[in-house]
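Presented sequentially are two complexes of subunit A, the first with subunit B as partner and the second with subunit C.
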Partner chain A sequence: MAITKTGDQPPVYKRNWKEKLTPLLFIGPHLIFFLIFLAYPTIYGFIISFHNWNFFGDMSFVGLQNYANILWNTDSLFFEYFWSAFRATFIFVILSVPPLILIPLFIAIAINARPPGQNFFRALFYAPSLLSVVTVVLIWIWLLDTNAGLVNYYIGTLGLDAIPWLTRTPWVWISLVVMTIWWTIGTNMILFLAGLGEIPDHLYEAAKIDGANKIQQFFHVTLPGLKGPLAFVVVMTTLASFNVMAQPQLATGGGPGYETRVLILYIYDTAFTGGNPRAGLGAAMSVVLGMILLSISLIQFKLMTREK
Partner chain B sequence: MNNEDKVSKRISLVFLCVMALFWILPLLWVISTSLKPESQAISWPIRWIPETLTFENYADVFMRQDVPVMRWFFNSFFVATVHTLLMLLFNSMSAYAFSRLRFRGRDVLFWSLMGTMMIPPVMNLVPLYGLISTLGWVNNYAALIFPGLASVFGIFLLRQFFIGIPAELEEAARIDGASAFYIYWKIILPLAKPSLIVLALFTFMANWNDYLWPLIVTTSADMRTLPVGLAIMQGQFNIQFAKLMAATVLSAIPVIILFVFAQKFIVKGIALTGIKG
Partner chain C sequence: MKKLKQLSAVTVGSLLILAACQEPEQQGGAGEDSDSEGNNGGEEVEEDMPGDVGDADIVLDFWNGFTGPDGDDIARIISDFNEEYEGEIAIRTQTMPWDNFYDQYRTVVANNEAPDIAIMHLDSIAGYAQNDTLTPLDELAADIGLEEDDFIEEVWQAGEYEGSRYAIPLDVHPLALYYNIDLLEEAGYSEPPETYDELVEMSLAVQDSSDAYGIAMPVYWPSNMIFFSSLVSHGGETVSDDGMTALYNSPEGEEALQKMVDLVYEHEVSPSDVQADGEVTLFRQGNSAFHINGIWMITGFEEQDGLNFGSAPMPQFGDEEGVWAGSHNFVLPKQQEEDPERQEAAMEFIRYVSENSIDWARAGQVPAAYSVLEREEFQELEHQYNISQQTFVFPPTSPYYGDTWGPTGPAVDEAMLGQLSPEEALDRAAREGEANAEDAAAAHN
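Right after this comes the complex of A and B.
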């Protein structure tokens, strides 16, 4: 900063001083919140994971014990619970990601063919995304109720037995996936629609001249043209499915047994419920899950930078 | 238009109609249930059109003393509104500095901030609660309003837009001796209205619908937000479905109104941030 000797050139001094401070005044307010509520907790989370803590008393350092108890100490009860939660999360990801990509993809392609009512269809399929997960789950609990639900009513009229949608394997998985599909396809559909809109018409014209039928056009023009949005949607959907929590918590209670107690639900149970919250164990599990999610994000980052 | 296009249009329409049934019927059934007396909610055979049409479930949801639905509405509305206004202010200020001001380390700082978008939110759940309880903010509006302001997504979204605003407008004002704050407030913000609306909608809806964080940081019935209250109500009402569905419909009305008026912004916003993000 150039400080003038006397007051003979105050404008220069003032402008320099002000110009240095102005950007800080603009980014400062957000930066304060960022440092307190994002940067600090990220570091604090690692620290907590090396301690035993119940959020109130003193922390006691236990080294890697929390990690040992979930990752390799097979005698620990937490080991069993953690891996059962890991299994549940993995099942949900495997079952939910393919339909969460294919169904909105087909819907987007159908809407892109510009049939009558295309705006109505787009609004309808997007509408449930506006609802909170609680609203969606309550709707589906009612629809899937074993005795009084609409779904079992129609299954009954076909002469079939009532299905325990929310209390028995494998039905619980179908229920959780169906309500998630109903809730969240809207965003992916809009991303696909935007991607389809960017594919130039002349590519389809050229394909037609070459004698390609609609199916050939799909594989040789549409799919390659959607590569960017598709990669993005796959990663975002996978991350979202790994983060599932409210659907099993509210619809199945993590049951039957621990069948649908997914990782974030188990983290919630461990760290935030009961008389003795285990913050350290919860933090350690969050770190492990966080590292998995971070690797998925990094893969996406690599893919996207390579594209450019 | 050739024949093949007509055929594919027709196939598309049939496919969309079949899918639409799966999306419409649950909504209609919920509304139908909410308008039935509790005694008819579970009837055999089922009736899509209520035998007796009644609004008693809605009235009951508002009147009850034991489940303060109106209070939850207020909490959600208050928290989401204040949170959204602060987010717009702080993020637009930041985005202005990152797009229109020159200072040392600007781009390094910006991309470092953007890099933190990759930090999975679940990692911060436990430490953030630890911090909030140290601050004495458990069961306090502050815990619902402030931590989310750390998000950097809005800065990214607004900066994309601010960059596109022609520099001449700003330079003319600068030559006239206008301060940076004047330019930000009187020139950039009015021009950036569409992007501010998109950010406001995303922020408001995300906060209005948030579940896990408010579930953790609120402890008494009168501090719950609507989603958390509804989830707890499910246990309290002991599965009286007609009333539960009435509450469900009510909770959805604000976002549906928002969507009707702002659909075009939402669609544009998703496409913009999705493709470019």
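Right after this comes the complex of A and C.
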């Protein structure tokens, strides 16, 4: 008995060992990239945030000074700059996230109803997502030019005054949000379409038999069926909006004044531009922003995937 | 009719979008706070080796940010050089957008992978010298016979930091006045304005005789370079020599900025709310008679169909002469182990380009050397020559200039929009700028 037992064990042990290792082999390649391009820079960035460093000389340790300057040292210029950049980012998120969820959702529902030309519309709405942000912003700058743009030309033919789309609040925000919506609705639309395809038809049939009208079907079948994709889209869109940079950078340069200088743009300016770059301060702001994003995503996921 | 013209111009304009992002116009802004304004030249890094460099004894790496049409002109000069020095010295060029250039420069110098030669903007030199990333050139320059007398004095001096020379100027790129010859003729003028009052008077006349605006004053970049010029023309100063104190929030500064604002709201010779590049569009379309911008716009305007334009010194906004100017400079990045032979070869290249900078002037620049400025060939370059007839004022050579001057960018924007008075705007900029500089200086010590 004892002999057979010991004779059986090694192969069992071997299989376990192999089974455990195989997944690692699949994860391995990605893990290496993850470690080199994400984990290492993140940890290094965290370390930099406790130092003063201009990329040239040695880093000098300053403890929490960088954090103090943006979080509680209210006399600091960087406190003022950081929170004005935070305000700008927050305005953009608040204005852009709802339309970036709702518009693609309704387009997806419309296309999912299989109207004639549905493939054409699907391609049409997705097409701008293929353009680079530079192209998108340049097109919109031309369209929205205060004195020579197409949009103000049509507004002029209606007998209305020219609108300063890219120089004054609130128009700058509207312009930035509109160009972002035009550029990115395609991606969310595709995600919603995939989600809608997963909802079984028999649920709608059952709802119909129970006498539910279209609106009731939307709230009681479509929305619950989209819970997974919706949570994903809401979180990803919020994160993407917090990370906005290129649109204000190219269209308004962060202006007028500091109005549209969003966080990522300010972090970039701080850490990488000018004769005296402040890598430590930039890193500290990135860490704070990262923490904020992490908390927001966690809260959103908790709220949206909560079982009722 | 005018509207129809505008509409078709918009269509034509959209075709120019791609061209616009490659123009060198943005490059003049590098070093200014808004250098990101048009930084959309893409990420590509071009590497090329004009001529045959295969068997040269010394191959030097040369980095620059000439991603626009000017890249072709510098490549032509290098190709000639490589041919002339075949077997001895060869230059291998790397061209990348300026932002990438400055980002990478820090890294490669720290890792001892620095190129042998690089081009840097004048207002960056002090900072990079202070951080010990540039090679002092005093002796090397004397060895190859480059002399102070041969260079425009101000630009030569601007390459010195704390008593040592770190840069050899290649060119000067000042602001200039561009004017639409047809619109001026219609209004009965044959010469461009030389002063602020003439600018206003002629703008009003143009607006009477046509549908065009007199001038289009930009809200964003390069509005604070126009302010720089207006400031020095009013006898004001930008920042103190050590870079730590703002001097622009002075009565002169307020008047200088007020005059810019007045063009929009008081004299009504400029539309308000001219957004990024909006002033360029209006001038290209023939919808504004005057346009203040850098010398780097020449090529773009020459390529514009139907635009009959002239160039001139920027009108004096105050009583004194003086206009903002930047400059591209040769520098030798710091190597951990210096090789005198390579350094000499590099200086030989710099001397060669300097002597042949007439080819560079054709790209739309003013050469920094008198020996080239005084040549007939340069005087035949109509626009470059006209624009060179100004008193250039360069920013003070301090590593903290950018910190103290930078906040004038957003401040001038808001003044141009009428959201802040010139006094409020400049005081705010000064407060921010000095805090910036103080922090930077503290971090350095």
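Note that the second predicted complex is superposed on the first by the 259 of 308 C-alpha atoms of A that agree within 3 Å, B and C clash if a C-alpha of one lies under 4 Å from a C-alpha of the other, contacts with A are read in each partner's own complex, and residues count from 1 in each chain.
The rule is short, and it goes like this: a contact is a pair of C-beta atoms (placed from the backbone, for glycine too) under 8 Å apart; a residue touches a chain by one contact, two chains touch by 3 or more.
All values reported here derive from a predicted model rather than from experimental measurement.
After superposition on subunit A, the partners subunit B and subunit C collide with one another. Comparing subunit C and subunit B on the residues of subunit A they touch gives the larger count to B.
In the superposition on chain A, A:Y204 makes contact with neither subunit B nor subunit C.
In the superposition on chain A, contact of A:L138 is made with both subunit B and subunit C.
Within the superposed three-chain model, A:Y153 lies in touch with subunit B and with subunit C [touch as defined at top].
Of the two partner chains, subunit C is the only one touched by A:N276; subunit B is not.
In the superposition on chain A, contact is made by A:G253 with subunit C only, not with subunit B.
When the two structures are aligned on the shared chain, A:P128 is found in touch with subunit B, with no touch to subunit C.
Judged by the touch definition given at the top, the superposed model places A:F90 against neither subunit B nor subunit C. Using the contact criterion defined above for the overlaid structures, shared-chain residue A:I267 touches subunit B, although it does not reach subunit C. In the overlay built on the shared chain, the residue A:F55 is in contact with subunit B and with subunit C. Of 1-9, 127-135 or 307-315, the segment of subunit C whose C-alpha atoms clash with subunit B in the superposed model is 1-9. Within subunit A, the residues touching subunit B in one complex and subunit C in the other are 55-56, 134-135, 138-139, 141-142, 145, 147-148, 150, 153, 250, 268, 272. For subunit A in complex with subunit B, the touching residues are 20, 22-23, 26-27, 29-31, 33-34, 36-42, 44-45, 47-48, 53, 55-56, 103, 106-107, 109-111, 113-117, 121-128, 130-135, 138-143, 145, 147-148, 150, 153, 182, 187, 190-191, 193-195, 198, 213-214, 228-229, 232, 239, 243, 245-246, 250, 264, 267-268, 271-272, 279, 282-283, 286-287, 289-290, 293-294, 297-298, 301. Only residues 52, 54-57, 60, 76-78, 134-135, 138-139, 141-142, 144-150, 153, 156-157, 162, 164-168, 249-258, 261, 268-269, 272-278 of subunit A touch subunit C when the two sit together in their complex. Across the complex, subunit B meets subunit A through its residues 4-5, 8-13, 15-16, 19-20, 22-27, 29-30, 33, 41-42, 44-46, 89-91, 93-94, 96-98, 101, 103, 106, 109, 113, 116, 118-131, 133, 146-152, 155, 180, 184, 205, 208-212, 216, 226-228, 230-231, 234, 241, 244-245, 248, 251-252, 255-256, 258-259, 263, 266-267, 270-271, 274-275, 277.
Within the complex, the subunit C residues that touch subunit A are 3, 6-7, 9-10, 13-14, 17, 20-21, 33-38, 40, 42, 99, 102-103, 106-107, 109-110, 123-124, 126-128, 131-133, 213, 216, 219-221, 271-278, 281-282, 285, 287, 399-403, 406, 409-411, 413-414, 417, 419-420, 432, 435-436, 439-440, 443-444.
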